[in-house]
């Protein structure tokens, strides 16, 4: 009964989406907005599917973007978790480092692009550095927060059991930080996608970002919109995958 | 239980407070505490809030050091937590590891005791069985009721194989029915294992029902007002014990004491 | 803020700067690409004194604020409507899931095609970026209003309009402010990014053109200034939040 009604709601919301697409189609058809900027939806989808896997297709660009994003994100997550845990565990490290981290955190990550160019040139490593730098902060700060916010009662349990410091960190502080770290990694992944596109724009590296930029310069609106849609697909898939992994790993949490 | 307590009464007391003062942050919390607890004895402590009940418990646990005097465990001064002394906290929701299921929460104590992995599974089943959680080994704390979570905490404490069990208002947050059930189960367990219990509560009837002796504390600074021996036969019974004239007499005495503060 | 000014917190950055200074000078890295901190500091003073820093800061802040005003207020209205109506929120699920994950930076080329260089294209990108967090957080803020408060409204037989105006919005306000704070951070990032990538104005462009014209001192000075700007905007909003709502709206607070 509940399932059936949920399904009806889903159908309804697909219907609304179809209406929106139809509205987009009408606007594009009417010529109110120049075809140079606005491709009708069918053309945009055709631009995606035409020779998707071929040499000129969007498939290889999409794959390049996904790979680059994942490399940067994984790198950032590993460094962020390790450093964040150390800072979170050590009150002394927090005193010395936290103010600097607070200063660097609100710095728009893209502002680091010119500096990265100065060091790495317009290269793949420059793009990777920018992605990793940007997605590093959310993970780092989340790990610091998670490791340093252990329920004091749990530390008493550890003391009553005569657990060593190492054991306490490994069995209490780190698992306690897991939900925070995951939240940070989720934000980090979104940031990574944004910076991948930025890096591809600036660095001229093959990928969806460059495709969009090229298409806009050649006034190929369908291909441009196709690229944007694919970026949305990447973002959405990442969000779905990570929230499922999260739900599995954090199944001990009270159902929310 | 009373038999074993008599048999070992000649040896050093399990726990001994010897002229203990405690100040925390310049504030005098406990003053001149003298108390001997026999092996296997069930001691209940009551008193108005802020009288230092929990602080006494934390002194035995080794979380605090006495400012003057000494707290002794089996004839040796307590100078830090020891696995031989287990604690059951009131706030079970905070004292269990939420990311470990019931079996793994018990395992935490065994890991800390360096029990080899191969032996753990059977022991875990045994301890969970003792507290009636054998069928819930795979459940996470978030999937358990308050009573079950507190049973789990008791199982973890028992897994330490402690000689002393410290219980800090362990049933205070539970509903009346669950509380009575757990009281009886708790009595059964410690009687079978011969464990010494230091039980802090704010519930007068609970203190009489469970205890061999009831210690009353008065506040500012916390000191022992009186110690009442509970002359009620064991095993205790939720109906007959609570109707016993001795029970009613003690209840009256303790009630008057609490009212006086 | 007090932690930021603590002496021990300044020690590590000071050492790092000193190290960079020594390293850049000793290794003679000081080229067209990189400059020692002292040169960057001198450049910062220079662009402060000749006013270019403040011109570009003004351009960045203006574009960000306008984008935030447009996107934020649309997001606010949409978030409130979706938060109030479960029907609307259910019907929009698929559409929101489709449009939301699109990274705003991907729209920069499109925006450039439509509007050309200048404020309009930057405002459009910033508005798109600020719209989503505002919508999501405001929707959440409305949905998190205590059901008991709504029951009180029912009991008092308040009209729908009065319920929203007197109960729902005031109760959700602290969280709506958090939404504004998040959206502001994102808006500033997108404004600067747009300038770095294409729009020839503002601090982002100043950083980029300094790099391209081989003035690393100038580039680092502008990046540092962006950091200062980020901290000032962020802590200013935090201050305002605690001033207006105390601890309500902070995680764990206000319950």
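Labels for the chains are A, B and C, by order of writing; each one numbers its residues from 1.
Everything below uses one rule, namely that a contact is a pair of C-beta atoms (placed from the backbone, for glycine too) under 8 Å apart; a residue touches a chain by one contact, two chains touch by 3 or more.
Values in this document were obtained by computation on a predicted structure and should not be read as measured data.
Steps from chain B to chain C, minimised over paths through touching chains, total 2. Taking the mean of all protein Cα atoms as the centre, the chain whose own Cα mean lies nearest is A. Each chain gets a centre from the mean of its Cα atoms; the one farthest from the centre of chain A is B. Ranked by number of C-beta pairs in contact, the top chain pair is A-C. Chain B and chain C have centres, each the mean of its CA atoms, that are 53 Å apart.
Averaged C-alpha coordinates give centres for chain A and chain B that are 50 Å from one another.
Look at where the CA atoms of chain A average out and do the same for chain C: the two points lie 17 Å apart.
The residues of chain B never reach two or more other chains; the list is empty.
Interface residues of chain A, counted against chain C in their complex, comprise 9-10, 12-17, 20, 36-37, 95-100, 102-115, 117-119, 190, 193-194, 197-198, 201-202, 208-209, 212-213, 215-217, 219, 224-225, 227-229, 231-236, 238-239. Across the complex, chain A is touched by residues 61-63, 81-83, 85-87, 89, 91, 94-95, 97-101, 108-109, 111-113, 140-142, 160 of chain B. Every residue of chain C that touches chain A in the complex is listed here, in rising order: 3-6, 8-13, 33-34, 90-95, 97-110, 112-114, 185, 188-189, 192-193, 196-197, 204, 207-208, 210-211, 216, 219-220, 223, 226-227, 230-231, 233-234. The residues of chain A lying in touch with chain B in their complex are 151, 153-154, 156-157, 159-163, 167, 171-172, 175-176, 178, 250-255.
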